[in-house]
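What follows is a set of structures to go through.
Next come two complexes, and both contain chain A; in the first it sits with chain B, in the second with chain C.
Up next, the complex of A and B:
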């Protein structure tokens, strides 16, 4: 696994490295820890930030659940799942055509790469205007279309890399054995890159789940997704501060759990796709 | 219709609908005087919105704020990320756990991170200023002249893991032989790092820095959660200024012109850097 075990390090370097890692781990842990403490504090206790021992209250969590955070988390999940499913199906077919048949040459690849660079501010106003026209403003439909604009290129880009790396022989054998080209694609090629597809799908889902900009502009009201809902807790009136902590944690916890379980594969997917670019 | 075209067709259709069409429509909007509050008086005004943007001192301010933010944040993230990646690579025990743990910030929605730091750094209620006060230090993280640096700090907290991820992948992909040769020659760790590791890593570094810089240019959530562009216009980033113009002041035409100018700037930067990366690849 390690490529550099051969170079022996002086103990001081090792010590410096490990100290850095411990420091970084603390800087990741402490903010989340303080947020969790805050979510169990009453308004009065929150006025004393250094307070460590106190009688915890569940009021903040109850208030957050009453405010419809779970409903918006459900909407975010819906948007993410629809966007990712469409992107995986459409993207894998397109990526295969681009990888194997060099469709459109290098300009297709560049176009897909360039789409990831577009500032969201360019695309969002047309989305808003068109959704007004079709009376789709404040619906999840508008949000999904806008999320496709950045999830689809990313997933397609990852998959082009995976298809490039997949061996051709198995697929050619399948064609010799009498499968149609589409059957060979679906039954032979796709299983080969399935781990990659999984990583790309999770990454795309996280991108969609985390988006505030598009969702805030296209669906600020009744169809608010989780980030939009969290943003609405932005207040510094003491009483609501605890609820804000709890609301932030609602957004943080699922992602932390998911990222922890799939990270190893995800890391391989992201780095494999991105480093090769 | 050929097989490959059938495979491409859905991608082309969705891509056109969700990227191509809005891109053209934004250009059309940027040539009009469109306002959400006066939709029926919309007419073409040529390049008027572009001229207005170029003459707007706040637009130049926003470019400058965003530029400062990107340079500072990416600079710190790169060096910090590089050292963390090196330390992770040499780490012997509990490797997988440490890696997963250190990477978590980049998976959390930025608005939550923004609000979290607004809470932690708040002068009256935040835990960090409270502890600093115990040592007699008073520092208003979001005060004049300081807010932008605090936003940089938040970005560093959330996105250094991304640098770590790419640089670590790059480090582990390096071939062993130059390092073994260096060891045989008795080269010091520092010498090996400067003369072998860094040069070999240049392609990965350029990609990582480019991706991160382009992403940092889109900074919006931290500003939206904490400063709303203030104090005065010191944290008015380009993305937030465009949002304000289009959504809060209803001037979609003007905002589209602003974002199109930004797009042109971004594309010029990308093409220049892309060429440079390509040329270092060909003659390393």
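Up next, the complex of A and C:
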């Protein structure tokens, strides 16, 4: 018991630690709180950020519905789902090859993330050029291709750790039991890393869902995704802050809910499959 | 059921040659155990038979078929791994039925075969469970069930008992022997435990540094090890090996230890005496003298660590012969000449 007591932090430190945590939590939650309030305020009320008691209005939410935010959310979801589906299929095979066969040597593991180091602006103009050439500008297809450029490497990198952690013998057992390499991969290896694939898919989806830069340049018009639509509330007449608050909430709430449920797996994925849960 | 033939098998990992031109003929239905210290190439040899490692050169035949270049799935072998390698996402029934399902056998036939195999292994009540809900012994039975369900040509075992506790290991050992005798399937078993190898094998293959040191019935290997390595590796407690000089029927060790040996021997030799062949008597002036340092009781027998001058000798003695002997007792050591093993000191090769 004495050893346990002696390793315990002093009360002052505990208090300081807890206060710091509370501060950090507040810094995360306050903006959401302010957004939620703002989505029910009129333009005049929004000019007073400290105003807590006011008569709520639904006008901002009506504006959000009128201006096609839900349609753009649907487009964002489509882009996210297609990008993630392709990334999971290609990325899982790539991650497996890198994990088991050391494809491309030891540098591939992190090398696949090399493009992430570049500022997106370096990549987006070639994308724009190509999309014009193929008459794909302002289509979701162009956005999906651009999103693959960062979602696919991240999902692949994310999955390598999960494949490393999956026991090799189980796969070899499947080979002896009558499966080909690809069948063993599909029927035995994939089920073992399914939790990781789920987490990687959500992670990749969020990356795609939140992207403004590529979508704004490649599809600013009829194919606008949700972040582009949110940005469009910044008009030449000024920022429509109330509607923007409501639209941001539409974008953020699904991500928050999903992240809450998969947080442990996300941590495990980022730490390369090392954390048990 | 089929014979296995390995001809001049060679395998390297990078610069390291792990299997060096290995030749091995395993007749149909025989239980062969590959045994040796870590890194001797036994597991690599087994994996090459399974098709999980490629062969650099040489030929592997199962029955009349050259399988050297075939995929594991086309070799008709079943394998049991050290960590059982069960499919965690499948139930016990699905694990056992897996090899049949991958062959496209009908569902009804699979479930009846699974029930049959499970009953023979005493795991019928576990069929609906997932592997993580089973104990180590139960998992091992499932792994064995999965191996026997499709009547393969060959069973391959890669240290399957290493992860079990001592009691369970003995139980499963007996069970594996019984199973192999019943099915009569050719089996190759890899272990680093010489005792396991002795008890399980029809033929034991002792390996070191990628080559076969000795091959034969366990008893023959025990009684006539071909060199110092095999002599020391097989048997527990280890054989006493003493380096020294022989002349005119007297052996004098570098440590000063003296004992009578075959008068035909002369020059530098290594004398080997199994601990159970060391005879202990109460003090007798005509024999080698020693003092009991440690006495370890094993129930019916005891292990004595004896110090004779600077030489340490291990003896295994039946309890009834212990009589007055306890720790620190002065005793005499003797042995029959026919129980002696003589090795050339420079090469380690057997002389008698």
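Definition applied: the second predicted complex is superposed on the first by the 254 of 277 C-alpha atoms of A that agree within 3 Å, B and C clash if a C-alpha of one lies under 4 Å from a C-alpha of the other, contacts with A are read in each partner's own complex, and residues count from 1 in each chain.
The rule is simple: a contact is a pair of C-beta atoms (placed from the backbone, for glycine too) under 8 Å apart; a residue touches a chain by one contact, two chains touch by 3 or more.
In this text the structure is predicted, and so the values were computed from the model without any measurement.
Once the two complexes are overlaid through chain A, chain B and chain C fit side by side, free of any clash as defined at the top of the document. In the superposition on chain A, A:191 makes contact with chain C only, not with chain B. In the superposition on chain A, A:226 makes contact with chain B only, while chain C stays out of contact range.
Look at A:128: by the touch rule set out above, it reaches chain B but stays clear of chain C.
For chain A, the partner with contacts to more residues, out of chain B and chain C, is B.
Once the two complexes are overlaid on the shared chain, A:156 sits against chain B while remaining clear of chain C.
Seen from the CA centre of chain A, the centres of chain B and chain C span an angle of about 100°, rounded to a multiple of 10.
After overlaying the two complexes on the shared chain, residue contacts for A:178 are found with chain C alone; chain B is out of touch. When the shared chain is aligned, no partner comes close enough to touch A:85: not chain B, not chain C.
Superposed on chain A, the gap between chain B and chain C at their nearest CA atoms measures out to 12 angstrom in whole units. Overlap of the chain B and chain C interfaces on chain A comprises no residues. Touching chain B in their complex are the following residues of chain A: 1-4, 6-10, 13-14, 16-18, 20-21, 24-25, 27-29, 31, 34-35, 38, 46-47, 49-50, 86, 89-91, 93-94, 96-98, 100-101, 103-104, 114-115, 117-130, 145-146, 148-149, 152-153, 156, 181-182, 185, 206, 209-213, 216-217, 226-227, 230-231, 233-234, 236, 238, 241, 244-245, 248, 251-252, 255-256, 258-260, 263-264, 267, 270-272, 274-275, 277.
Across the complex, chain A meets chain C through its residues 167, 169-170, 172-180, 183, 188, 191-192, 194. Against chain A, the residues of chain B that register as touching in their complex are 3-5, 7-8, 10-12, 14-15, 17-19, 21-23, 25-26, 29, 34, 83-84, 86-91, 96, 98-105, 107-112, 115-120, 122, 124-127, 130-131, 157, 165-166, 168-176, 179-180, 182-183, 189, 192, 204, 207-208, 211, 214, 217-218, 220-221, 224-225, 238-239, 242-243, 246-247, 252, 255-256, 258-260, 262-263, 266-267, 270. Interface residues of chain C facing chain A in the complex, by the touch rule stated above, are 50-52, 71-73, 75, 77-79, 81-83, 85-89, 98-99, 102-103, 146, 156.
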